[in-house]
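Working notes for the structure below.
Per-chain numbering from 1; labels A, B, C, D, E and F assigned in written order.
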Amino acid sequence: MYELGIVKRNITRADRRAVDRLAGFGVATVHEAMGRVGLMKPHMRPIFAGAQIAGSAVTVLLQPGDNWMLHVAAEQIQPGDIVVAACTADNDDGFFGDLLATSYRARGASGLVIEAGVRDVKVLSEMRFPVWSKAISAKGTVKSTLGSVNIPLVCAGALVQPGDAIVADDDGVVVVPAAMVNKVADAAAAREANESDKRAKLAAGVLGLDMYNMREPLQKAGLRYLD
Amino acid sequence: MYELGIVKRNITRADRRAVDRLAGFGVATVHEAMGRVGLMKPHMRPIFAGAQIAGSAVTVLLQPGDNWMLHVAAEQIQPGDIVVAACTADNDDGFFGDLLATSYRARGASGLVIEAGVRDVKVLSEMRFPVWSKAISAKGTVKSTLGSVNIPLVCAGALVQPGDAIVADDDGVVVVPAAMVNKVADAAAAREANESDKRAKLAAGVLGLDMYNMREPLQKAGLRYLD
Amino acid sequence: MYELGIVKRNITRADRRAVDRLAGFGVATVHEAMGRVGLMKPHMRPIFAGAQIAGSAVTVLLQPGDNWMLHVAAEQIQPGDIVVAACTADNDDGFFGDLLATSYRARGASGLVIEAGVRDVKVLSEMRFPVWSKAISAKGTVKSTLGSVNIPLVCAGALVQPGDAIVADDDGVVVVPAAMVNKVADAAAAREANESDKRAKLAAGVLGLDMYNMREPLQKAGLRYLD
Amino acid sequence: MYELGIVKRNITRADRRAVDRLAGFGVATVHEAMGRVGLMKPHMRPIFAGAQIAGSAVTVLLQPGDNWMLHVAAEQIQPGDIVVAACTADNDDGFFGDLLATSYRARGASGLVIEAGVRDVKVLSEMRFPVWSKAISAKGTVKSTLGSVNIPLVCAGALVQPGDAIVADDDGVVVVPAAMVNKVADAAAAREANESDKRAKLAAGVLGLDMYNMREPLQKAGLRYLD
Amino acid sequence: MYELGIVKRNITRADRRAVDRLAGFGVATVHEAMGRVGLMKPHMRPIFAGAQIAGSAVTVLLQPGDNWMLHVAAEQIQPGDIVVAACTADNDDGFFGDLLATSYRARGASGLVIEAGVRDVKVLSEMRFPVWSKAISAKGTVKSTLGSVNIPLVCAGALVQPGDAIVADDDGVVVVPAAMVNKVADAAAAREANESDKRAKLAAGVLGLDMYNMREPLQKAGLRYLD
Amino acid sequence: MYELGIVKRNITRADRRAVDRLAGFGVATVHEAMGRVGLMKPHMRPIFAGAQIAGSAVTVLLQPGDNWMLHVAAEQIQPGDIVVAACTADNDDGFFGDLLATSYRARGASGLVIEAGVRDVKVLSEMRFPVWSKAISAKGTVKSTLGSVNIPLVCAGALVQPGDAIVADDDGVVVVPAAMVNKVADAAAAREANESDKRAKLAAGVLGLDMYNMREPLQKAGLRYLD
């Protein structure tokens, strides 16, 4: 973990079909299907609303103020990948802009998740190249200190192994270990089937109190109604 | 205040007609009409731009990571109410999503103000169900510890009594005690009438320095002009 | 610096033609052309997306909770100016709203950069009066303590001299000393010319690793590729 | 609530004997005895370690950058009181220093709780005048805008009525409504008696798992032990 | 990773002798010996100054507002262990106090690292039971939702495997994978030997510029001296 | 301002005798004597309590994660100087530790003010080498990108010119322009003389309300006393 100066070329990507299914469910459903784990912290926000993607992670460990490894990572991208970048220290510099986005898109990347800053957000939005970041900043970076590509790393509080499935939408970003994508996609599908029925009932005025049979446990827990 | 395990069923709601008037003025005007008090802290942000609502507060005190009381609160909602939720500790979990929104809308709620996180924001935006929150997070919550419904509570630094009028728009959220809504609506109306005249003068190039007669007090305070 | 109770009337504005050129380049390019200095901190965010402006700074030093000097500053605005306001202490109050925006626009101001809060953001957005701020808040302010207008000040970590060129867009805000605007505009033009060629290559699939000749320095720095 | 420009002279202070008992228990115990409510947020920190006090609240609502009301409040202090100050906006200015501390001590105040900044902390520490604040700052304040004294207010997320009991130590600050001090003191005493027995058992190596009979509920909740 | 509801009983602890050596070097030296990786984020602060410890990690994943798993973890502690606790969401509640500390000490724990809040810090300081936390808060917690014990987790941005060596002092907390402790201890020893010589030279007035041969690379990088 | 890659060797230091006088007054008094300007933001905190120093600034502009310029700056230190370091981006890395402190002390530096992180704080405290910083972190830094020494810079929101007087104590850090030190020292002396008299009156029970003649302006402002 976190060895510096390394690029791992061969990584095992999550099953593409399962990843595509995950994209359809969105982050909240996948997170629940995972057993409520794997979520990145909520300071990771999309630079524009409405994108909902999933892909396999190409991971990048950056040094503060230095985006060299984002260039190194480009070569490792395969179509459908999502680049996931973390930094060895909290840093809001603009590590990524429209030129890198052009390159990443040419390589087939679906998007970027970076616990740091990005810039050229107007152009990125026009390109519809989705980015989840913790800051927007025009601050430029140097290219002088090595990090690594495709090592396990922690991004926004979540462990990411290269090849893991990443799902991202307006609610944030969740990580699904590559070995679990099929199981999680199945669980998500079951959950979603279940939800449309619930939604209809709730829309018709049925209370969750009744639909979920909460009244008895609430009473046992000691809830008192006062007039 | 803050007694746990209680649901108060009968609350005195602010006068509906006055509340509707408040909705028209918006938060900044109402806050001024209140004498510059009652405002929630500015970390409360709308999940989509453009909503401007007012309603009576159904209050909910939550425990961290636990949204049980939001289900209990649904039953207490009457048409036009705004649910106001606070948590006993700072917590950004996603306490509220599209299923609860469906239920709340079916009950007639106009919106939600929650000093915590929400999820399914894309669907909530499509539904045009307005929420003011301090975070967006897909993180799920449990249903195991009691809070309370319709007790006085502090939300984002403002005291909220059940039944108080809540006004919310892109500028934030303000609380108007139920007993004051008519008086505040009148003051807001007076202020607004006054403002359109000022706006016209300022648009015509009159300086606030002259319109507000500031030159003399500025001079008295010692302001010096240098060339 | 920071002398209180002063309004400087005659300031030397940056060359208008060069300022207009800067507006076309945007913040990231100008920041690079400056040698990667002069940027405000990334907590300065636009209240609506898409504005991209440049102008000469009319500077305002405010006291916490007090917007008196914003009224004083209005008189010093000339067409094309950008008002840059800082506060002697961190404060998120709503110092600026639609009335002041009406007045500033009547004076010809292109926008406002304020390290504090603003309100009436819905109206400001409809007016398309661009503001970069660190908060949105309906909280009103008083008019009782002097600050200064057109003194050098620090705004969001950047030194601003009255008359300096300010460039602002969705990436943030950068300050260009008045004496440097022509030189910086030339450097920005050169950089931009250079970028379109790079963009085309990257879009065609050329890697930055090759285009920027990074492979050799990476190897020298010790980068290892593993399979 | 929050009416500005008011000083309430006659307030009903919490029973002194009960308040003194609360001082002996400390904040964590009193907070538990309250039913886990009434706590201020954890950003309220003591300026020096080791103080543990209780007293009746004299409340002060301040305006940002303005400490006028702290002078007005001095006259309302009775021996054993704790001054509790909040501000209408987040502000870290140094509202309180050694001169005010000298005055407050002369009036018999036991300490200060202020959701803002203080200064002269070296002298305050030497005087052993305890202060809980959210910041330390030398920044001076003006005396020009009215707040109020002895109105109900929200300080660090907790509602404080004038006369309420305040307990503060290295763990933070808790508010006990004046009418509840005897009941809370009794509950705290019962809890503390209970704790010394528990402490002895735990020190002897008994596990909380056994002492609190947690093994069965953990098993029911589904906990699995793996080797 | 992050499976909930699990207690792993048999973990492989880092070599005790090597861990003891690490304790002697302190965090900064061990972090450098690791190749500048493995550090927790700097918001992890000791509750009292001067402690410097190392031990093997017993990991605990907590739910917000719920300290049940800290009780479960007590049984898994062996002499010399350090408990490392993280929470599924940011939460500053007081999960740990003097009773748990008494129990942990009876089990032989050397200390606690918790990315959450602790309470009873005065007593903990008197007991000299060292804790590194991100907050101090008297806020009590419930015991109702499962987390896990001895699973891999992320604490303050660092991946921690059960059994990993933890080193903590006034500079923060660093994690050394169990398999690397001997190698890291050797590297730290080499580094420290090297440092005392450097320290002597610097104390004698030799400049780092000369001692580290920086003048030539600085010149190459383009550094210019002006008079 | 902010030109990178420059070391200015000859700077005009503030008058030493006046600087020594400033050290005696402390930060709050000097800040008031300055007219309430020049203060750094309150996130700048001392690593140990009790130090109170003044000296002339040797300024250092750092790049994120890179402490090269702190080594370059050592050569420019003269006895009594205080090194003031800022970074081009927010970064909490540990830029400074006991080796640099040994070197700085050998050069005669009185202390360090750095808007970034420091490490080895236990040793620095034992050495009594005072540092004001915004973070404590063991995180190491590289030496590869140029910043500058002895250029004007912004540190924690305050403009610092090389040679300016810096005063630092437990209340924070204030900057006094070199040209103003004598005037400010005189004003501080006058203020302090004035304060001891006030302190005696307040200690004797005289109210600030009377001593400062506040009753009339309070009444004019509309303050109402209620029983």
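Here, a contact is a pair of C-beta atoms (placed from the backbone, for glycine too) under 8 Å apart; a residue touches a chain by one contact, two chains touch by 3 or more.
As the structure is a prediction and not an experimental result, all values here were calculated from the model.
Asker: Averaging only over C-alpha atoms, locate the centres of chain A and chain F and give their separation in whole Å.
Answerer: 42
Asker: What whole-Å value do you get for the distance between chain E and chain F if each is reduced to the mean of its CA atoms?
Answerer: 31
Asker: Where does chain E touch two or more other chains at once, residue-wise?
Answerer: 36, 88, 90, 92, 137, 139, 144-145
Asker: Between the chains shown, work out who touches whom and classify the graph as line, ring, star, complete or other.
Answerer: other
Asker: Determine which chains touch and list them pairwise.
Answerer: Listed in label order, the chain pairs in contact are A-B, A-C, A-E, A-F, B-C, B-D, B-E, C-D, C-F, D-E, D-F, E-F.
Asker: Along chain E, where are the residues that touch chain D in the complex?
Answerer: Counting only chain E, the residues touching chain D are 5-10, 68, 71-72, 74-75, 92, 94, 97-100, 102-103, 105-107, 117, 119-122, 125, 135-140, 143-146.
Asker: Where on chain F does chain D make contact in their complex?
Answerer: Residues 26-28, 31-32, 36, 39, 42, 45, 49-50, 52, 169-172, 174, 195, 198-199, 202-205, 207-209, 212, 214, 217-218, 221-227.
Asker: Please name which positions on chain B make contact with chain E in the complex.
Answerer: Within the complex, chain B touches chain E at residues 63-66, 88-93, 137, 139, 142, 144-145.
Asker: Give every residue of chain B touching chain D within the complex, in rising order.
Answerer: Touching chain D from chain B are residues 1-4, 35-38, 41, 88, 90, 152, 154, 157-159, 177.
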